[in-house]
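You will see chain A twice below: alongside chain B first, and alongside chain C after that.
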Partner chain A sequence: MVEERPLLELVKVWKAYGDRWALKNVSLKLYPQEVLGVVGASGSGKSTLLRILYLQEPAQGEYWLNIPGWEGCNLLSLSPYERPAARRHLAMVYQEAAQALRMGFAALTNVAEPLVLKGERRFEVLQKEAQAALERADFPLARAGDPPTFLSGGERQRVQIAKALAQEPTAILLDEPTTGLDLLVQATFLDTLRRLKRQLGMSLILVSHDLSVVRALADRIVVLHQGEVVEEGLADQVLEDPRHPFTQDLVAARL
Partner chain B sequence: MNPKHSYAYLDPEAKREIRRKVLKALAIPAYQVPFASREMPLARGWGTGGLQLTLSLVGPEDVVKVIDQGADDSVNAANLRRFIAHVSGARTTTDALEATLIQSRHRIPEERLQEGQILILQVPIPEPLRYVEPSDAKARELHALGDYSLLWVDLFEEHLHYGHSRKGAAYPVLVHGRYVMDPSPLPRWDLPKLHQAAHITLFGAGREKRIYAVPPYTQVEPLAFVDRPFQPEPIVGSCRRTGCRHVFLNAIPQEDGSLAYEISDQGYMEKLLAGKESGPLFGEKQHG
Partner chain C sequence: MLQVIDLEKRFFLHRLGREVLAFRQVSFSLQAGELLLLEGPNGAGKSSLLRTLYRSYCPTGGQILLQTPRGRVDLARLGDREILWIRREYIGYVSQFLDPRPRTTALELVAEPLLWRGVEESRARQRAAELLLELGLKPELLEAFPTGFSGGEKQKLNLARSLIHPYPLLLLDEPTASLDAGARKALRERLRLLKQQGTALVGVFHSPEDVAGLVDKTYHLEEKQDVAVRT
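Presenting the complex of A and B:
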């Protein structure tokens, strides 16, 4: 896996808010069909990192997407008007569904949105493909016409996943996707993600403070501490044999 | 007229500004051009945008028609017509084909307008993205990007729940393949009339301080899915005075709770009632 070319690559990214550094020299790689876990405490720069990955914030450094049409293009140097085109290759799943979904529109409409954005103008096709995506995300189709306002937390996350799937992105970014769900719902939701990863070979970046969630999904882990990558490695390796004192604290705190 | 006053109420600078903005609006079809909407002797929301356009363009040789909901004699139309005639000295008419300037709210006349005629619409809300993107700053960005997916998503939602779009007025149209425009408050019935029209259509939103335009012979397409084509309102009933059912009808509630119908375009109905010959209609295909 390591010999492969990474799908997505951050190289020496720096980001400051005023005179405070939020990210210091952060580099990471996401390989095809891999789940990369990003862990860290609150304030470690996780959210900033995700916003930069999703091209919502400018930063210094390099950001490469190794897919046809984007090779050799540093995404961090794109103008605000070029960013949306690049962003179409990325999907974001938030902890709060309201950040990604239009809460008043039907679940199906939300899932159809990325297809519309791609230029699909046939109603029947939109409907069919959105339904297929909802089905893949194990969303109960009988509720496809309901707006997310009337859906449970777990169902909302499934709508978000379906929306991301419909988009057929290069990588899906997940921001604490299970935080706020009860344990049973978390477990079934993670089952869905694992199945999708296996079946569709999706590439994910999973950001979470919850090590058990990361352990359940991630192949590799990056540990962020005060804006710096302090440890990086295979998931089992990092969780079983943490090297950096902060990681050791984090793993110990799990118990 | 008192020579101490400026011709046609507005001072020359104001008129010049509006004419320049009109030229810009014509050069960029459906693009909303900001303008310094002046205080007018009527409240904003009562057609100040349309009135400023009319007063900037009117001359003594012009023939002016003013309609509101298709009617020449409604209070708003009568007031505006009297004011325009008073300050400009222009002649007024109810005949859509005779008029050089037509100020309207809600309707495009049924008779096909010709080259050289200018239709001026009073617009309440110029921004087609207003209901899907409340922030004007973001809406302008979406216009710049040509990203109208929000409107398509909205359309999808309507088709999903109701099988058709429920928008009567303010049905979004794509103009010249570039900008989406709010043709508010035109009913869906009138939208095909904008497509490749011979006349100029100007839109003035006084409260929102925007002018936009559809130049002659311009592509105007209502947003619609390929497999769910755009449809104007169906005509129900028939006109109680002429028996017609080939043009847009107003529904008039009756005392017994039923509805009576009457041709909405009053100038056209008058011609029919007087037995005068009318010009070809916009929707000539639907005629027989």
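Presenting the complex of A and C:
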């Protein structure tokens, strides 16, 4: 049948804080042009998982990126000095934009930053590419000169997406990206993400406690409970035919 | 084309600590261009069977053998990624109700399966519009958000989304329940055409007239005998 290699793969990852296990034997795969939803209650290990995926924390296990230059390299064995080079292939979109953006600098400047990090110095090129990224993220260009402090919650998330796109990452990690947005803004933001997946072939890992958001976007879902993957499957299957007791309770609690 | 052998689905409800049987010992086969009508009382497992064939439910026993140009596959055992691919290329599924997506217009919703296949956007929208009008959707609703549509209008979108691409296998779960006479007639004509093109159909229908003259086989699901209790 279809032989596929995952773009990104975690194999048997363990992580402890003190004597408490935050992640226990977690494995997951992300394939090209796929949205993988990660759901779970507070304290289930979602944030830890994201920090490990974004190479912000050490952990035991294996982490593979199947892209040229990184094949056969377990990212979890990289030294702190080597991690930034690998992290450049990943982008993170946070619930709180201040974690990713410089709130006092123009949106355009924020988006141009990863281009500068890649070595681009020509002003016209930076401006043009940053504008293109903002447009792809459906951000109104008329406001490109405004700093995020002056922007609404939805606009800030679009700046984050544009910044991620400018980086041309292998995968975008999204941490509760729509939490705190009103329903209308949330819906248009999800539309943008769906279009990026289709038109740019983006691969996304979407972490959310909101099953409706995950349902609207994810192809497959992984359910985390007390640091373990208790269930994984097709998005509709996990939500319509949940098998683990925790998933059954979670789905039953959906509005 | 499709061969179902001893298919079974049981749910284990942890909260109740017991098992619920949806259906068991279901076997039938279907050739290209044939329509199989599923019959049975409420709760006999008709919808569950369709969902299992689409793999929204994971079967607890049996086989679902589907002939594809790349060989015969068992949907009961395929991995998730392969199921996603098979669905996109081979299987259409019309549910009882449309799950409208916020802020997505009728036209966008119906054109989407074509966009996924790489059809150019204006062409996809044009084909979506033609199909929706054929099913009797009012032209002024094409660019509207379906959240506010009537039940019948939503169902037209639901149908159009699955009819816009000629899937080799089409699963229909009471697609006509909320449709008016005109739309039912249009659907019947569509199904006749699909059969001629070689699409195999499995469906539950509200009334026999909806598929008059189109049914090749009938499968009767019995009322469930065993509701096993397991602790």
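Here is the rule we go by: the second predicted complex is superposed on the first by the 252 of 255 C-alpha atoms of A that agree within 3 Å, B and C clash if a C-alpha of one lies under 4 Å from a C-alpha of the other, contacts with A are read in each partner's own complex, and residues count from 1 in each chain.
Assume a contact is a pair of C-beta atoms (placed from the backbone, for glycine too) under 8 Å apart; a residue touches a chain by one contact, two chains touch by 3 or more.
What you see is a predicted model; the values in this text were computed from it and never measured.
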item: Superposed model, chain A: greater residue contact from chain B or chain C; value: C
item: Contacts of A:Q248 with chain B and chain C, given as first, second, both or neither; value: second
item: First (chain B), second (chain C), both or neither touched by A:R198; value: second
item: First, second, both or neither for A:T109, with chain B first and chain C second; value: first
item: Chain B versus chain C as contact partner of A:D219, first or second or both or neither; value: second
item: Which superposed partner A:F123 touches (first chain B, second chain C, both, neither); value: first
item: Chain A residues contacted in one complex by chain B, in the other by chain C; value: none
item: Touching residues (chain side chain B, partner chain A) in the complex; value: 144-145, 147, 149, 152-154, 156-157, 159-161, 225-228
item: Of all residues in chain A, those that touch chain C in their complex; value: 1-2, 4, 31, 183-184, 186-188, 190-191, 198, 216, 219-220, 232-234, 236-237, 240-241, 243-245, 248-249, 252
item: Parts of chain C lying in touch with chain A, wherever the complex brings them together; value: 11-15, 51, 55-58, 70-71, 73, 78, 80-85, 101-104, 115-116
item: Complex contacts: residues of chain A adjacent to chain B; value: 81, 84, 102, 105-106, 108-109, 112-113, 116-117, 121-124, 126-127, 145
